[in-house]
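There are two complexes below, and they share subunit A, which is joined by subunit B in the first and by subunit C in the second.
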Partner chain A sequence: MGGLKLINISKKIGGKKVLDNVNLTIPEGVFTALLGPAGAGKTTLLRIIAGVESPDSGKIIIDNKDVTGLPPKYRNVAMVYQTFALYPHMKVFDNIANPLKAKGMKPDEIRRKVMDVAELLRIPHLLERYPRELSGGEMQRVALARAIVKEASVYLLDEPLTNLDYKLRERMREELRTMSRKMKFTIIYATSDPIDVLTMADQVAVILNGKILAQGPVQEVYERPCCVEVAAALSFPPINLIDAIVERRNGTLILKMPFAEIEGTRWADKLSTERKYLIGIRPHQIVLLKDRSAEYDVVLEAKLHLAHVIGSETICYISINGYNLRILLPYIYRMTREEEKVFIGFNYDNLLIFDGQTHARVV
Partner chain B sequence: MRSKVVTAGLILAAIILLLWTLFPFYWTIITSLKHRAEITLTPPTFYPHTFTFKNYIEGLFGAFPPMLAYFRNSFTECFGGAAIALLIGIPLAYAGARYNFKGKKDIFFTVLTFRFLPPACVVIPIFMFARVFGLIDTQFLMACLLAAMNLPIVAWVMMSYFREIPRELEESFMIDGYSEFQAFLKVTLPLSRPGLIAVTLLIVALSYAEFLFSSILTSSPAAKPLTVGISEYMGGEWGYYWGRIAAVTLVGFIPLLIIYLIVRKHLVRGLTFGVIR
Partner chain C sequence: MVAVTLHNITHIYDRRVKALDNLNVEFKDRKLSAVLGPSGCGKTTLLKIIAGLLRPTEGRVYFDSRDVTDLHPRDRNVSMVFQFPVVYVTMTVHDNLAIPLQARGFSKGEIHRMVKEVAQFLDVEQYLNVRAGRLPLHIKQKVALGRAIIRDFDILILDEPLTYIDPAARLELRERIVRIKLEREKTMLYVTHDQAEALTLGDMIAIMKDGKLLQYSSPEDVYYNPKNTFVAWFIGNPGMNLINCEYVRKGEKNFIKFKDVEIAISDQLAKLISDRSETNEIILGIRPEHVRLSLRRSPDSFPARVELVEELGYLTISVLKHEDIEFRVKSPTRVKEGEEVYVEFPKENLRIFTRDGFLIA
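After this line comes the complex of A and B, so read on.
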């Protein structure tokens, strides 16, 4: 069993801890997203795996071989940079052929392999051009081609879609997903965009301030995030986070939020009146209602301020007693007045309750 | 819109500046074509009344001073010096651009001070050192000195140039399966070509015009460069040969002109520190 294993990787740059005891296992053929905001340590981690940066401590194991001290050329990894890093003085063909030339392959074999990859990415017509003659999307494909042609053990993708426009990004997501499934690539895909993770990855590792906060199958991490930060990182639109305290009244447990109180007896064994909590609810799990329907566990009256229609979805900004929440509707909703009176509803099952101090999930 | 008066004034200023710059050049040309007697006429003639190529033939091919040997020395010393400066300066610049190491600032400051010192301060100590090692009047010594003088230019210009080249390109090349040295040779150097050409031209031109060190440290056709060689036509037993001085100066200018014309494109791009995009 090959794949990649990182053991206790730490790295300081200029006195600042960029990576803090990172442990990560990526089985062969698995598409892993490394999710974190800018400056979380994603790029440094990829550079360490590639061998262009060395860790202060820890081990890197690729295909069951310890490669920690080895230079990049002995690691059989491929990397796609956010800026694509195409060699400006070489034609597209030579850019793609470069890793093969390094292996000392024969010219006709190189030509055959480059052509195969070019066909796969639909760029044979670009081979005789220079990078400066390409569009962003074309450069992206060339950069991918150069990685794919190498037949590497691990592919490192550093926010490769960031510099592309929206439409192209959508299409590349689909293609990357299909290709990685078909070819069984072992991929680490660094990104700050939860959509990338939810649409493409098999598993996700959430990184923040150089620490891996959570790691596991995407659906699992999404549904049962270990802490506020993971829930927030893996949510689009951003998750609603609401301060809350717990009160006990006549034997029933009350979860007190700034705008409402809900009954919380069902969580009695997990919540304490001593502590503060953060309640997380994802925008798509709140529904907009016409009246006080009884279908939902909690129904509240609210004011609708703004409805952004995004294609076939709508992001609504509502307030309840001055407290703002975001809702994502899976349909088009247009406001009729400047401020509308609406009802919202959600279910207890959809609430994520985090400890206010430690940020760990309790429910 | 600029008024016509201002435009006319600017054009006039440009013409005056042009005359100011080109007149000495014109004077050198006509002097090289005049007979010796006409050159010293009072009042001077503003175009050659007598026309001759004798100055060129005697100036260049006369048995003494051996101008062709001086030409050869100039070339060897300039290009040799440039080669040494580039050979040391480029790795130095690369290290400065890519790595942080202890004493980096000190090293670069020291290199820069090579250029701060007035040459007259160091020429005597160098003379004494060179004599001990038997290097007086050798092309090798002159090449080394020119290299030392030009090293700061190479190091500082190339360092800024290398910094402009994204590190990611080198890294990507290494990940493709090459060593860092190969990445430097095949990515960084080709991409710095405009800078390399500009800096080479600059230091060759500066070396070509060097006079002080050569006048003290060389004494024979074995190492004496053109700048010092031409001065042998001044004074001495036979008086001043202005015609020959002008002729040799003009011929000596031709190589620079050719280099300049060939690399003009690179010079402009190079000295503006053109970014690669």
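After this line comes the complex of A and C, so read on.
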């Protein structure tokens, strides 16, 4: 079986540890997202896979072959950058054909391959243009075409959608996903946007400070994050994290948050009165209510500060006794006055409970 | 209290590039109007004309009934905030905020009090004695905003003020802008290419494309009753589904039809279609979040195949196909790629457009 394997990769740049013993397995034909904030080590990792940078230690295996010492051109890896990196003096056709010419392919074969890829990315009409005559979305397609035409074993995409406007991003996500499915490409897609991961990827690896914190099928990592950092990275809008402690009162367990206390006997075997906790609740799992009389485990009064409409949904910023929370409503909601009084509700089943010190998930 | 009226405004740069094309609009008094459109649609040209920084090639600008077309910017009482914060880098935040007041002859004590009040409102009090050049971009933008609102103004113009601001800091600025809107009750114009900003902040939304105004109405109206297919597609993530259809009459009954799917419509809607469309060829519009998705058949449903699934975590966007007709659905129902599902287009959520893209109903 082909694919990509990274074994114990470490790298220091200027005395700073950028990658710390990274182990990653990416099966052939799988779209893997590498999710992490700026500075997490994503780009360095991609550069090491591509061979433009070498690791201090560790191995890179592509298609069962150790390529650690090989220069980039022998690795059969293609990379697409955030900034497109097209040759400005070459027409689109020549930009795409360039990697094939470098391989010494015959002109008519090059022509056929470029046309096939142009067809796939719906850009045949752009082939005779120069990069400066293209829109951002068109440039991104050309950059992708140039990568795909190489027929690489692994495609490395470094935040390729960041510079596109939202309508284009919407369309490119759909196209990238469709194409990767159809062509069974092995893709590593570096991004800091959880929506990119959720919409496109089969598998995700969450990276922070040079370490891989979690790796697995997207839905699994999303639903059962191993720690606070993974839950925070893979949540849109960002997950609410609430400080809590546990108290025992007359035989019942009470989970004490800054703004409310909830009964927690159900978690009795997992929680201790000795420790502090962080309670995670995703914004879409909190609902906005008209009054208290609703069927939710917990109903609280809150102040609404800002209703941020994002297309057909609304992110509401609310506070309870000065404690800020985000909630996501699957509809358009508009504020009628400042600091509107509202009620919110949520269920016990939707709570993720993390240890306050180790940040590991306990519930 | 000033309504801004643009009458037959056309603007041509260098005698050849038409940035605005016979634009007519009355921006409502005491409301925040968001001006939304893709880059190059003429938004910024429009603002410059209102502020007086640019004289239109043709047309007149009115503030209420007053023709201000020939008025100098400084006599228009318009405050502006730009994409990049404009601050005097060598001056302290205090002095930056004080400038508009000094020019208007306030006493030292008054200036001090007003600066403090604005600084408090924007949460920049701790920087009052710091030189503005040393501050991060989002604090500079707060100072620029403070300078715009510290004096009494008739109109506040904001030209993509959050574009270069770090996402984490954007939220706070957005909240302040909402508060200015609610507390000051002034006419505000807010230019943006971001629909979320427009829908969040705008009491009214003006959607522009190619130098033309396509629609000026409430965010709800823009969302539910887009005047044309561009607005329908541009607003929403993803935008409205648009499907070519035919209007057919069978005996006493009226339908709209695509492929083998027939959707019964009221006589009233049928009349609107025959009055407003020259042909039976029309476009059906339905928002992805309004499509009903089910794994079981119901009387009004038709089958479709799931081509692609995109998870959002809180909802799922799926691309469905009925024969070669493709449309998108946004729903909490989990579906799998390749699965056969049943779909219903609820009548109350249908929008009908002419084939050239204008809303019929």
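Simple rule for what comes next: the second predicted complex is superposed on the first by the 361 of 363 C-alpha atoms of A that agree within 3 Å, B and C clash if a C-alpha of one lies under 4 Å from a C-alpha of the other, contacts with A are read in each partner's own complex, and residues count from 1 in each chain.
Keep in mind that, in the parts below, a contact is a pair of C-beta atoms (placed from the backbone, for glycine too) under 8 Å apart; a residue touches a chain by one contact, two chains touch by 3 or more.
Quantities reported herein were computed from a predicted structural model and do not represent experimental measurements.
Novice: Label the relationship between subunit B and subunit C on subunit A in the superposed model as either fit or clash.
Specialist: fit
Novice: So in the superposed three-chain picture, is A:Ala102 touching just subunit B, just subunit C, both, or none of them (first/second/both/neither)?
Specialist: first
Novice: Using the touch definition from the top, say if A:Thr68 reaches subunit B (first), subunit C (second), both or neither.
Specialist: Neither partner.
Novice: After superposition on the shared chain, which partner residues are touched by A:Arg334: those of subunit B (first), subunit C (second), both, or neither?
Specialist: A:Arg334: touches subunit C, not subunit B.
Novice: Between subunit B and subunit C, which makes contact with more of the residues in subunit A?
Specialist: Touching more residues of subunit A than the other partner does is C.
Novice: May I ask you to decide whether A:Arg146 touches subunit B, subunit C, both, or neither, giving the answer as first, second, both or neither?
Specialist: The first partner, subunit B, only.
Novice: For A:Ala50 in the superposed arrangement: first (subunit B), second (subunit C), both or neither?
Specialist: Only subunit B; A:Ala50 stays clear of subunit C.
Novice: Quick one: is A:Ser235 in contact with subunit B, with subunit C, with both, or with neither? Answer first, second, both or neither.
Specialist: It touches subunit C, and subunit B stays clear.
Novice: Between subunit B and subunit C, whom does A:Ser319 touch in the aligned arrangement: first, second, both, or neither?
Specialist: Once the two structures are laid over each other on A, A:Ser319 reaches no partner at all.
Novice: Rounded to whole Å, what minimum CA distance do you find between subunit B and subunit C in the overlaid structures?
Specialist: 18
Novice: Subunit A residues touched by both subunit B and subunit C?
Specialist: Common interface on subunit A, subunit B vs subunit C: nothing in common.
Novice: Given the complex with subunit B, which residues does subunit A contribute to the contact?
Specialist: Result: residues 47, 50-52, 71-73, 75, 77-79, 81, 83, 85, 87-89, 98-99, 102-103, 132, 146, 150 of subunit A touch subunit B.
Novice: Touching residues of subunit B toward subunit A in the complex: what are they?
Specialist: Subunit B reaches subunit A through residues 166, 168-169, 171-180, 187, 190-191, 276-277.
Novice: Show me the residue ranges of subunit C that touch subunit A in the complex, using the header's touch definition.
Specialist: 38-39, 171, 174-175, 178-179, 182-183, 193-196, 199-200, 219-220, 223, 234-239, 287-289, 307-308, 310-315, 317, 319, 330, 332, 337
Novice: Could you list, by residue number, the parts of subunit A that touch subunit C in their complex?
Specialist: 165-167, 170, 173-174, 177-178, 181, 194-195, 198-200, 218-219, 222, 234-236, 282-284, 305-313, 317, 328, 330-332, 334-335, 337-338
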